[in-house]
Amino acid sequence: MIHASLDDTTGETLGFAMEQLLVAGALDVSFTPLYMKKNRPGVKLEVICHRSDERKLLEIIFRETTTLGVRISESRRAVMTRELRQVETPFGPVRVKRAHWQGVVKESPEYEDCRKAALRAGVSLQAVYQSALAQTDTEGEMTE
Amino acid sequence: MIHASLDDTTGETLGFAMEQLLVAGALDVSFTPLYMKKNRPGVKLEVICHRSDERKLLEIIFRETTTLGVRISESRRAVMTRELRQVETPFGPVRVKRAHWQGVVKESPEYEDCRKAALRAGVSLQAVYQSALAQTDTEGEMTE
Amino acid sequence: MIHASLDDTTGETLGFAMEQLLVAGALDVSFTPLYMKKNRPGVKLEVICHRSDERKLLEIIFRETTTLGVRISESRRAVMTRELRQVETPFGPVRVKRAHWQGVVKESPEYEDCRKAALRAGVSLQAVYQSALAQTDTEGEMTE
Amino acid sequence: MIHASLDDTTGETLGFAMEQLLVAGALDVSFTPLYMKKNRPGVKLEVICHRSDERKLLEIIFRETTTLGVRISESRRAVMTRELRQVETPFGPVRVKRAHWQGVVKESPEYEDCRKAALRAGVSLQAVYQSALAQTDTEGEMTE
Amino acid sequence: MIHASLDDTTGETLGFAMEQLLVAGALDVSFTPLYMKKNRPGVKLEVICHRSDERKLLEIIFRETTTLGVRISESRRAVMTRELRQVETPFGPVRVKRAHWQGVVKESPEYEDCRKAALRAGVSLQAVYQSALAQTDTEGEMTE
Amino acid sequence: MIHASLDDTTGETLGFAMEQLLVAGALDVSFTPLYMKKNRPGVKLEVICHRSDERKLLEIIFRETTTLGVRISESRRAVMTRELRQVETPFGPVRVKRAHWQGVVKESPEYEDCRKAALRAGVSLQAVYQSALAQTDTEGEMTE
């Protein structure tokens, strides 16, 4: 993970930097509000990436933000295995991600599919989520 | 109270603006972290002031920050009456603020006095606070 | 709504104050992180209450926190009408709140019921929620 | 301004709601992190809008989020007058917003123009901003 | 320490997860507000635990939250040695934690004892704290 | 980096601690808002320092704050090389920091110089920044 603490980059510039980092292959980008010296509201930028993308992402961070130095750390990970499958809802097909870890099983409908179905059908995002999850229930898939 | 939501002012500039606003008579200035559109970390600036200082403070806000418009609202207040008196501590004299409101009484040592005493005596800020509060106890002033 | 900005009350004290305010009838209590002068992380306390409870809640705020003054403001409200009914889930009965506003209808299972059912059955909170919402679907209640 | 405090709406849903609110004519939408009862991280949703859009936006808020009630408040405003004009930069034309308020004059390049120019030219957003602002300097427009 | 960044778990669910994690032996659980992609307010969950509890706590995180992967990191610690003793206050007995580290000594009254005494005596939490700390002063324990 | 999570230190005390840590050689000090158990708003204190200053800074943290234990971690760094030079602006001389990293070059005017010039000349901080940056442009230094 790449970290930088910023007190002189604007929100507009940070929004642009996030967009560039995601396009360039960052797995995740987030901002955390930070109180810095001299009463400055700052932001901690965190970027999660494959080691092989590190140099390319550092270039974006150094070019777009005002930071003069970043910290880079590694950590162990614990991840659930995942598989995607599709369910039919009254609002159209939605892919659902099914995740496993040592007996824990859970399912979550794909955001982009739900978003499109909700806009197309004129219903709430929540209505599509519930429909998609109800399908997985009926088909008995949460009981392993 | 004057409010402005900012997504393109840097932390450095906001720290400078706070300093200017306080010098110009603002009673209180604060920042709140804000999530704004296009993934921009922003800041809500809030300034509490006497009505008569409003114009002067607006000028600082418009000059120093990027905001193009602010909102101004009024509200009722409920305040405790206050009086200052001085107590002697092992670290030197410290003023203590005593506040009343319908049977509630509380005392708080003045920050700047405690800060100076702590630096002078090489003890923690907390040690000075406790000493000052202990004086008020001994003198029986929390029981009204 | 009652507001106070605090820079010298501890988190422990604020947690205690929230507990006291809720016991005394506050409808809602929240904290917002705030950047205050002299590099102080502060907290904005907000309390929503019936006008008739205001005096009692002010007393708690003045007694438990360090604030010397609060602001009080009123605002218009727009609310959904609500009714509670009960559904049966594989994890036991759960009350579901059904809310209406000009054609919008939505349902949300009661947190405390779901919490108890989840603990009793040894399943996740989410599993109980989904079960309760699935019941409302089957019974056709989201379509008005 | 419309306010709602939310402790059971997901970040995904809030991102979707912001998108819908902006499409439907909200002038500004923001989120503030909130600490709510029972150790719940919540979010305060704030929407600024023309009075005439209020009903339409309330419908989105009630449909997409879990809130059962919102508060609506009005406030005075102080705004700078604005005018847009275009400057030429080495990276292409950029519109610059010029704002006035009682002797204060400031200029800010339009974000979307700078973003497009930066992407097209392969330079940083900051480089385009500086170029655009330098044009306004050379032409003497900050001195009124 | 176990970290997870969440953008689709509700505050209600996070409050429940914190409760479960503490019951299962987590030494500390905290949430940090996070700005995530697509304008999503998110939360970073951090859990501090004994290595031997890691598997059990991961199961709770994977079961109760929506996360599909967490990061785990270790760090050196520097800790003060502690001892508990009891003091008598006008509001009843209160245990005080006394901590040492290379010449630094400090004392802090136990929150749960103070809370109970304050509720029983009908005084503020702060009044009990001050009383307990005043006892330690009188007995000369802050001077080593 | 030294980390501590605090739920019973006041904002006033934290502002004082930041001041002491910076005087004692900390390279950077920041606070992050944290949601801790029992509904407590807390603060994560982070201190970046040379390894040789660690002991001295730990003493300040243990003396001034309520923490009983901190975590210490190391990380790789990626830094830009820097050089300072001076430019002349209509508001007086300002030093500008020029930073390099593998083809990326950027310049940022020194905050303290800009602050002093702005106060002296009665113009906005932004006006001085822009002037200083315009000088670096004219002299062609951003093109390498």
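Residue numbering begins at 1 within each chain, and the chains themselves are lettered A, B, C, D, E and F in the order written.
Here, a residue touches a chain if its C-beta (ideal position, glycine included) is under 8 Å from a C-beta of that chain, and two chains touch if they have at least 3 such contacts.
Each chain and its UniProt protein: A, B, C, D, E, F = LarC family nickel insertion protein.
Since the structure is predicted, the reported quantities are computational estimates derived from the model, not experimental observations.
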{"item": "Same-residue or different-residue interface between subunit B and subunit E, half as cut-off", "value": "same"}
{"item": "Identity of the chain that, by mean CA position, is farthest from subunit F", "value": "C"}
{"item": "Remotest chain, subunit E as reference, centres from CA atoms", "value": "D"}
{"item": "Chain centre separation in whole Å, for subunit D relative to subunit B (CA means)", "value": "29"}
{"item": "Euclidean distance of C-alpha centroids - subunit C vs subunit F, Å", "value": "38"}
{"item": "Where subunit A touches two or more other chains at once, by residue number", "value": "8, 12-13, 18, 31-33, 35-39, 41-42, 63, 66, 73, 106, 111, 124, 126"}
{"item": "Overall pattern in which the protein chains touch one another (line/ring/star/complete/other)", "value": "complete"}
{"item": "Of all residues in subunit E, those that touch subunit A in their complex", "value": "3, 5, 8, 32-38, 42, 44, 58-59, 62-63, 66, 68-73"}
{"item": "Contact set on subunit A toward subunit B in their complex", "value": "6-15, 18-19, 31, 33, 36, 38-43, 66"}
{"item": "Parts of subunit B lying in touch with subunit F, wherever the complex brings them together", "value": "12-13, 16, 33, 63-64, 111, 115, 118, 124-126"}
{"item": "Contact footprint of subunit E on subunit A as seen in their complex", "value": "1, 18, 22, 28-33, 73, 75-80, 82, 97, 99, 101-104, 106, 108, 111"}
{"item": "Partner subunit F, residues of subunit D touching it in the complex", "value": "33, 35, 37-39, 41, 106, 124, 126-127, 130-131, 133-134, 137, 142"}
